[in-house]
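Input: structures, listed below.
Both complexes shown next keep chain A, but they swap its partner, so chain B is in the first and chain C is in the second.
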Partner chain A sequence: MLALQILIDGFAISSLYALGATGFTLIFGVSGVLNLSHGAIMVVAAVIAWWVAEAFNTGPYLGAMAGVLASLACAFVTYRVIVRPIQDSRAIPREEKEIFVLTSTLLWGIMLQEAIAYLFTSNPKTVRPLIEGVVPILGVRTPLNEVLTAALSWAAIGLLYLLVNRTRTGKSLLAASMNPRGLTLLGFELSRIYVLVWAIYGVLAGIAGVLLGAFLGVSSDNAGLLTASAFSIVVLGGLGSVSGSLIAAYVVGYLETMTAYLVSPSIRTVPVLLLLVAVVYVRPQGLLGRR
Partner chain B sequence: MLGVFGLALAVPAAQAADPIKIGVIAETAAISGVGIPNAAKMAAEEINAKGGINGRMIEIVDYDDHNSAVDAVRAFQRAAQQDKVVAVIASYISEVVLALEPWAGRLKMPMITPGAASNDITKRVHDDYARMKYVFHGYLASTQIADIVCKSAKELLAHDLHMKTSVVMSEDAAWTIPLDEEYLKCLPAAGLKVLDHVRLSPDTTDFTPIFNKIEGEKPDVMITGISHVGVQPTVQWQQEQVPIPMFGVSSQATNSTFWKDTNGATEGVIFNMVSAPDVAVTPKTIPFATKYHQKYGNLPGYAAYTSYDDVYMWADAIRRAGSTDPDKIVAAMEKTDYVGTIGRITFLPKEDTFAHGMRIGPGYITGLMVQWQNGQPVTVWPEKVATGKMKFPSFIKLPQ
Partner chain C sequence: MMQRYRTALIVLPVLVILALLPLGVGGYILGLLTLGYYYAVFSMSWDLLFGFAGEVNFGPSFLIGVGAYAAALLNHYWEWPIPLCLAVGAVAAVLAGVALAVPALRLTGPYFGLVTLVAVLLLQNVLVLFAGVTGGEIGLDLPDVLSIDANTNYYYALVFMVISGGILFGLSRSPVGLILQASGQDAIEASALGFNVAKHKLTAFCISAFFSGLSGAMLVFYLGTASVGTVVDIAVGVNVIIAAVLGGRRTIIGAAVGAVFLIGAGEILRPLGQLSTFVVAAVALVVILFFPGGFMGRLLHAEGRE
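Moving on, here comes the complex of A and B:
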């Protein structure tokens, strides 16, 4: 019974982790940007979804859409206002650009987080779930919302897979991650591809944020933790590897859930951090990393 | 010559018109926290409208401590040394108040907390009165809160609903140590056997494993001690349809925005308060809650009632002391006998274990148990002042 409970609960949270980390790793893979405002953008999505649904009485669907749009807008601002100027700058030496992007996205994330705390307080918010109620799965009373969270996460990841592997635009995206220079030689404009990848990222982070808000609830205080969790999943899976991140999301999700159920919920994240240290020692490129 | 006289006369006149400053230190990004400066400002405006303290206006100087003891100590030092406040109203977090307490002693700065609950706040006053006498406890101590919860549990749960067993679920924090200690003693005495005692980390985001474990032990009720967490466990409790009622302390549930924050998941949650917007605990309670709601758009959280009373008590003490000298203010504050929004407030003498804590009991502060019902907080205990009966959502299984 307990095993089943762990299996079901772990699956839902892992799917959500996978979705959250996919966008994060995609951006790194394609444009080499580690976006440390990731958690804050997820929080923005969740809080806006909550706020629109509550303040304008729009119901959960419009609220969720508003949340995803807010995340998309944030992603664009992050790219156009924060990342792009640094990449284009002649004043910053090339080898320092990465660290500039890292610190500026971190600061931008803090600004978003503080803005949310200022406008909506730091009290946790919960997005009204798209469906209410519970369903027994093999005797485990499971909220329908939890099932939906897993299903939607996988649907979004599936669509991304189709986009990348089956469409021309998607393929150019893949090519950009492998050989950006070759792509420009073929006449593709890299900056367009970057805009596309940030748009995909915005949608993925938005969906992940809204689902998290409905599943566990979100507060502006969680922003740092969410970035850290995406970061550890991506490091574990191998920086830039989407399939590595998916596997790592399940490793992290199940390890956390098992710890919470079998040992104590208070030390939920500890084994994951230990594992991360071990990975960095033994296999620094991560599970499926290329480097 | 005339000029010199004029100058000499002008100086004391200017001093008499100088405002009396009261410092307010709280976390303003949280709803319970922002109620502290909001309510304090409201009280100051009212007192000023009636002529202030012997003609001197009250000025509230507020500081955001971001719930950090370090920020709070810095704000406290600034309030005392730079901004020259004469008294401070500080924080609803025990860890923060405990960090400020030695500074109140060192800087001889009268201080009251409107919402922290740790027993140690008053214990320190008792143990080291000469140094710590500047500190007053404007909220219930954890042990007192536990006693109120047990007393109400005996009547509402053991008697009315025939419950026999419970699990104590508290967050790991300074204020819950004495709370849990008292729960474990007074719940069995109230007829509720304690099957387990769960302490959860305030960082917990997924409460499923905790509820799962508690449900496996089949208690009739969960007795809560939560303040740092609130929205998330409540929402998950409802979403997962955990069939066991929650009863006890849930500080976040005292905010009127809690219904919205949880999308109504808090339906049926029963929590402790000293005042509620629907009960005339004293003739001042409802007018305060109504006016606060008009002014700030939501109902006051628990620490707003006490913060409002605290400003009146400081003003009263300063008036009676006829001075802003800290020792004289403390001496006057000790003689406080004030009917505020939360009841009749008097402070326990230095010999008492809860020195400078509030006197609890009939005729003083009694406490209430309030339940969220259809978007409204409804007082369900004590019977005398109750405005409704307990109701639970359909997924709750009550003992037959």
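Moving on, here comes the complex of A and C:
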């Protein structure tokens, strides 16, 4: 019974982690940017979804859409106002661009987080689930929302897979991650590809944020931890490898759920951190990373 | 040589003014500056590691926290005298730094950053898990404090900052600093020239750990309490990094200026309530985007690197 419970809960939370980390790793894979405002953008999506649904009584669907739109807007600003100027800047030496992107996305994340805390307080908010009710799965009473979370996460990841592997635009994304210079020689505009990646990222982070808000509830204080967990999942899986991130998300999700159920919820993140350190030492490129 | 002369020309008058401050300023501002000076040492230590060795240490508060808690625990449970606690704190931070650095320096870029970040999270978890011993989130109160007099505390912090800053600055301008800088910019070429890159980076890490730990230990004896929120939390590390980049990386002095600015700005903006962090972050972001050299970049590197 407990095993089944862990299996089901773990699956839902892992799917959500997978979705959250996919966008993060996509950006890194294609444009080499580690976006440390990731957690804050997810929080923005969840809180806006909550606010629109509650304040205007629009129902959960419009709220969720507003949340995703807000995340899209944030992602766009992150790219246009912060990442792009740094990449284009001549005053910053090449080898230091990384630290500048890290520091400034971190600051931007703090700004978003504080703005949310100021406008909507830092109390935890639970987005009203898209569907209510409970369904028994193999005898475990599971909220329908949990099932929907897993299903929607996988639907979004599946769509991304189709987009990247089956369409011309998607293939250009893939090419940009392998050899950006080659792609420009073929007459593709790199900056347009980057805008597209950030748009995809915005949508993915938005969906992940809204689902997280409905599943576990979200407070602006979570932003840092959400970024850290996406960062760990992505490094565990191998930076830039989407399939690695998916596997890593499940490792992390299940390890956390098992620790929480079997040992104590208060140390749920500790085994993950230890595993992460061990993996990074033994295999710095992560589970499926290429160097 | 010209540059060193100019740096001294800027720094010395500022130090004289700072040393005379207690004559004309109240205890409140002195207390603020005292805190700022300890942060300044954190930031300068971080700058030595990042600006010169090129390693992005996301976990300065791991080293700070180890030093602070080692000193605090000894004082709380065994009532060791303060100087001994400070020494042990610094040594503990160096040992922790070596334990972290020896394996971690095999990694580069984001991987190194993540491992240092994870070290902070683990330390934080351990401190909270063993709350019975460490005081957990609430903190550990200390029987001894450096001083209860604001002026004395101010001078302790100022002298400590000047000495640490002097050593770190001297190091960064010494041949060792140049080798570090070379290893940070092109590790392969530096080792091809016959320099032991790993050894130099490890040395930089140890020095950075020593001053971070010592400053963390001094800070808890100034505050009279050691808590996760003041010396270990990721937010502490984030502030240290922001201060160093804001003040101008690779200048050491800039890091100190940035740290004092951050502490001061946070206090001046306190009436804004929750918005104060927002404004500080926004200002820092604008400086980083438009003046990537930071406050001191202009002053110290006026002839430019490009």
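Following the convention adopted for this analysis, the second predicted complex is superposed on the first by the 291 of 291 C-alpha atoms of A that agree within 3 Å, B and C clash if a C-alpha of one lies under 4 Å from a C-alpha of the other, contacts with A are read in each partner's own complex, and residues count from 1 in each chain.
Going forward, contacts are C-beta pairs under 8 Å (C-beta built on N, C-alpha and C of every residue); 3 or more make two chains touch, one makes a residue touch a chain.
Because the structure is predicted, anything quoted here is derived from the model rather than measured.
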| item | value |
| --- | --- |
| Fit or clash between chain C and chain B when superposed on chain A | fit |
| Touching partner for A:74 - first (chain B), second (chain C), both, neither | neither |
| First (chain B), second (chain C), both or neither touched by A:82 | second |
| Touched chain A residues, chain B compared with chain C | C |
| Touched partner set for A:197, first chain B, second chain C, both or neither | neither |
| Which of chain B and chain C A:117 touches, first, second, both or neither | both |
| First (chain B), second (chain C), both or neither touched by A:52 | neither |
| Partner chain(s) touched by A:176 [first = chain B, second = chain C, both, neither] | neither |
| Which of chain B and chain C A:270 touches, first, second, both or neither | second |
| Inter-centroid angle chain B-chain A-chain C after superposition on A [Cα, multiple of 10°] | 70 |
| Nearest-approach distance, in Å, of chain C Cα atoms to those of chain B in the combined model | 5 |
| Interface residues of chain A shared between complexes with chain B and chain C | 117-118, 266 |
| Residue numbers on chain A that touch chain C, as the complex places them | 34, 82, 85-86, 89-93, 95-96, 98-100, 102-104, 106-108, 110-111, 114-115, 117-118, 224, 228, 231-232, 235, 239, 266-267, 269-270, 273-274, 276-277, 280-281, 284 |
| For the chain A and chain B complex, residues of the former touching the latter | 5, 9, 13, 54, 117-118, 121-129, 132, 134, 141, 143, 145-146, 216-217, 219-220, 222, 257, 260-261, 265-266, 268 |
| Parts of chain C lying in touch with chain A, wherever the complex brings them together | 50, 54, 56, 103, 106-107, 109-111, 113-115, 117-119, 121-122, 125, 128-129, 184-185, 234-235, 238, 241-242, 245, 249, 273-275, 277-278, 281-282, 284-285, 288-289, 292-293, 305-306 |
| Chain B - residues contacting chain A, complex | 27, 29-31, 34, 172, 199-201, 204-210, 212, 230-232, 235-236, 239-241, 252, 255, 257, 260-263, 265 |
